[in-house]
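Shared between the two complexes below is chain A, which has chain B as its partner in the first and chain C in the second.
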Partner chain A sequence: MIRFLFKGLLRDKSRSLLPVIVVAVGVMMTVFLHAYLEGILNDSIEESARLSSGHVKITTLGYHENSSQRPNEYAVTAVDRLLEALKHDFPDLQWSERILFGGLLDAPDGEGYTRSQGNVAGAGIRLIGSDEEIERMDLRARLFAGRFPEHRGEVLISNELFKKMKLRLGDEVTLISSSMYGDMAMYNFTVCGTLHFGIAALDKGMVYADIEDVRNALYMDDAAGEILGFFPGNYDEKRALQLQEAFAPDGSGDEFSLVLTPMSKASGMDFLILYSRYAGFIIIFIFVFAMSIVLWNAGLLGGLRRYGEFGLRLAIGESKREAYGSLVGEAVLIGLVGSVAGTAIGLVFAYLMQEFGLNAGDMIKDSTLMLPTVFRAQITPMTYVIGFIPGVLSTVIGAMLAGIGIYKRQTAQLFKELT
Partner chain B sequence: MKSIVEVQQLIKKFPVGNGFFTALNEVNLSFAEGEFAGLVGPSGSGKTTLLNIIGSLDVPSEGEVLVMGHPVGKLTAAQAALLRKQQLGFIFQSYNLLPVYTVYENVEFPLLLLDLPASERKQRVLETLEWVGLTDKVKSRPAALSGGECQRVAIARAMVKRPALVLADEPTANLDSENSHRILQTMLKLNEELKTSFVFATHDEKVISYLRRIIRLQDGKVVADELVNL
Partner chain C sequence: MIQKFVILMLATTSLLPAQNFPAGKSILEKVDQNMSARTRISVSRMEITMARGSRTIEAKSWSEGDKNAFTEYLAPAREKGTKMLKTDRQLWIYSPATDRVIQISGHMLRQSVMGSDLSYEDMMNDTPLLEQYSAIVDAAETIGGRSCWVVTLTALAPDVSYHQQKMWIDQERNVPLKIEMYARGGKLLKKIELSDVKRVQGRWFPMSMLYKDMLKKGEGTRMTFLDLQLDTALPAGIFTKASLK
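For the complex of A and B:
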């Protein structure tokens, strides 16, 4: 009997090919959208991690509690020894020391008087002798003019500030800031290059200098505001929480005791991660729900169209249960075939999007969010199965609802619908 | 002769608006094994309703209908399906063949429901197609057949399980005169050779001319029940 019904299903293209195409298209869109959203959200998180928060961040308790003020008086000290210990204890992570600071940038004229000034937010990162941070922060792509610092005392300035202060490459500028000990610090830099991030917050007034220069400027010898840790792959919340537990402070409550903060608990990042986790889920749920309605409707129409056939089968002696079972069985088969086909096609598109991406640099050049300039999809284990939810469930539910008519209608009524 | 259908004080009402329409009113009938009988009457006389109830596709509002000893009104849906599957055959006005299946497969379908082994199914299907003269069309689809051939396939489908009773609702309504006579001769031959009972619902004079017993219905009541001497 199953063979007989299967034969009929294969021969009747409106019962097999058409629904399979509808299911496959819906599933393909679900799979692609899922991978696309996963890619964008994860890339945004990674972009933020690379530029500011790291996957985990080690600071002192005092720095952590006042992190929005970049309080370098609570900087981590004896950094060289700490980095050595971290590399030993957590060899799979990459560690990066950074100093964040605020201040005033002053450009003097030929006689030493102020020609222009601008507020800056600065970062001291390892720029000389290592490409690690340049690669991590993708600074090469963001270098607008000039070059990276090659000698002590050279600085990179955001292109917008550079223009606002009417600077030229090679100009001298003076950073006026406060040192680690709270007194005024002044330090001369030579502008060697400009950066363009496409992120308004960064383009407005950002300076990047080699960390050793910043240490000299702010009297932070062997100190750093924060030490960022990066996992080999994407952010892993579970691992980050494990590290946090392993790195628990001694409980003394000392402002200078070290704390490790997972990215999800860093100021401002908690919302982004929560948003990415739930917004992605909600968007996918809405899409899956919409697709479910479409596929359910297709299943319903398929079932309704066959009332006549079921009337005949019931008249010949098939029980309502058998007829209902075969209708649902067909829906399962169509749902599975359509889901497999749709998932395969969706994965191909997702793979292409993952490999080549969509360059949206121009579209988001004034964005205030730390978004990647190339939108890429990301195929995760969930991408392989997400399509089966609308693909199989919706088709089966549609067929089941249509089949309820078989139960509710008098057999004689179905029989009449034959004519 | 053994009775296969007993209709006693049958009343069938259908809800219409706030009231009821009485389609069958106190019908009393009996059909014996091997009958070739017809329910004859104009449209709305209740013949199809009576045929549906005998075929366990509908239930009486009042009274009792026994088919092979089974009270139709008291059967569960599963029991009614079993009765139809094992004992009853149906022939419809518009053939109602399954269009995606071949002639052979359409005729085989009732046997699949009976779970007969493949070899027995094949033997029965070919034998039945031989009765109706369609052995050369086994692989054809319904779309490739004439109206007369389609109705012969429908007859084969009804007969293949050797039912005790075949119910035919206006079986010649879509056929020309020549095909109608061929179909009726085929059914008459099967009735004589296999002793299968046939009950028709019809107002076609061609069908009436073949009947051995004519039951005339009017406004839901039996107004005449006469045997015909051929």
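For the complex of A and C:
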């Protein structure tokens, strides 16, 4: 039967070529769009994880509840021991200690008095003696001038702030911030390099120093504001929730008890992760809907043209059900052929976008979101099959809608249209 | 007729307390006269209670009217040698650890001093009340056995740190015993309880003040004057940047 239908389609190109092309184009767009959205959303999620939230984050309860204020008075203490325990208990994760702080950066004149100042949002990360954070945060690509800190007391600052404060590499600057005990802390740094992120929020006044320097500056010996955990691959919600349970607070409400926050529950990330999870379904729905309308029309045109044929088939004894079934069967074949072709072409485009990407640095230079500067598609196992759902479904729905005419019309009327 | 009588009664009743209270302006004048000195030298202790426990900071301050002030921190060891200079609306800080003199301005002035419940703006503001606020006496209440006027102060200019203040002022000694400070939107920002009022060189002065920043957790900051000298000669050149290093 399938062979019979297939032969019919091949021999009568007028009823197969246009639907196959329509399906192939629609599926190609679905496949490409899915890969593109997957790429951008996952890259954005991973970019945010690497730069700020981690896949999971361990803080104290007090810090978690006031995280927007970077309250280092609620910092995690005895960090070395905690990190050892984490590495032992969860060896598949990579752990990274960080201190976030706000403050003022002050550049002196020749006499040591204030010459220029800028507000900063800083981070203390492991920069000396390890490349792990430099690689993770892709800082090498973001280094605009100078070099990474090699000695104690060296700092990287955003290029925008560097220019605004009229600094030169090697200049001494003083950080004024709040210590872990809430008092004012002042610490001298030497500017060794500048960074450009392409993210307005970071370029405005970001400062990176080695975590040991920040500990000295803010009197945070063996302490860190937050400890970030990273999965070997992309964010894994199920695993993150398991870890959260393992770290559930004891209910005492002690502000210094440790809590683990999955990335999906971090402020601002919840919607992005939810959206990425359902992006595939949204695309499928849109394309099934749009293509069904297109193929319904194509099916109607084809069906009308074939009313005579159906009239003849009914006249020689074929039942309406069989005629309708063969129409749907043809639609399944057209859908499959179109989906295979569309998926293949879509995958080629998606692969090119995945490998070469689209540099959108200039377009998003004032963005407040942590978007990657190069937009890339991402081919996942879902990309291979997602096109088949709208491809086959919309063709079949289109044929089923068009085929209703077979049931509604009288055999004689259909047959009359043969003449 | 009855309506007119009721209106007359209501109007008379509402006017009654106001007639018994002195004018707000005269009360502020007396507070300013009592509290504002030409010069002041003080040694104070700040006890700050916060999430990680409490800390005690000692400092010596020299001030001249409401324009100039100089503070040197004496303890603990980490703060020792830190100096602050206020001249008019400018604030400079010297930290011995960095050997730098840094100007504090803008939003940094609203930050906490040494982790306390006081901001730099609070510390810098010695301007007489009458120059900043209009005042209305709302009621008479008793605090700690002392009869007080409850006075609502409203800022005369938009750049005043607190748009509105409510003060409980000792009727006899002209010293505030309790202050509530409000933002323009009516939010309570800070509370100060003043106690241990002593006679210092002919003036009544609260020697202990409990500051509470209502936007912060913790039990507040207690500031106690260990020594206070009013209208005394100050060292020459103390209010210059050169004295910071």
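We adopt the following convention: the second predicted complex is superposed on the first by the 401 of 419 C-alpha atoms of A that agree within 3 Å, B and C clash if a C-alpha of one lies under 4 Å from a C-alpha of the other, contacts with A are read in each partner's own complex, and residues count from 1 in each chain.
Keep this in mind: a contact is a pair of C-beta atoms (placed from the backbone, for glycine too) under 8 Å apart; a residue touches a chain by one contact, two chains touch by 3 or more.
Owing to the predicted nature of the structure, the values given are computational and were not obtained by experimental measurement.
After overlaying the two complexes on the shared chain, residue contacts for A:Q117 are found with chain C alone; chain B is out of touch.
By the document's definition of touching, of the two partners only chain C reaches A:I176; chain B does not.
In the overlay built on the shared chain, the residue A:D12 is in contact with chain B alone; chain C does not reach it.
When the shared chain is aligned, chain B comes close enough to touch A:G308, but chain C does not.
Once the two complexes are overlaid on the shared chain, A:Y208 sits clear of chain B and of chain C alike.
Look at A:I316: by the touch rule set out above, it reaches chain B but stays clear of chain C. Listed in rising order, the residues of chain A touching chain B in the complex are 1, 4, 7-8, 11-12, 308-309, 312-322, 410-412, 415, 418-419.
By the touch rule above, chain C contacts chain A in their complex via residues 48, 50-52, 55, 57, 78-79, 93, 95, 97-105, 107-108, 111-116, 241, 245.
Interface residues of chain A facing chain C in the complex, by the touch rule stated above, are 62, 73-74, 104, 106, 108, 112-114, 117, 119, 174, 176, 178-184, 186-188, 219, 255-256. Residues 52, 55, 57-58, 77-78, 80-82, 84-86, 88, 90, 92-94, 96, 98, 100-101, 105, 108-110, 112-113, 157 of chain B are the ones touching chain A in the complex.
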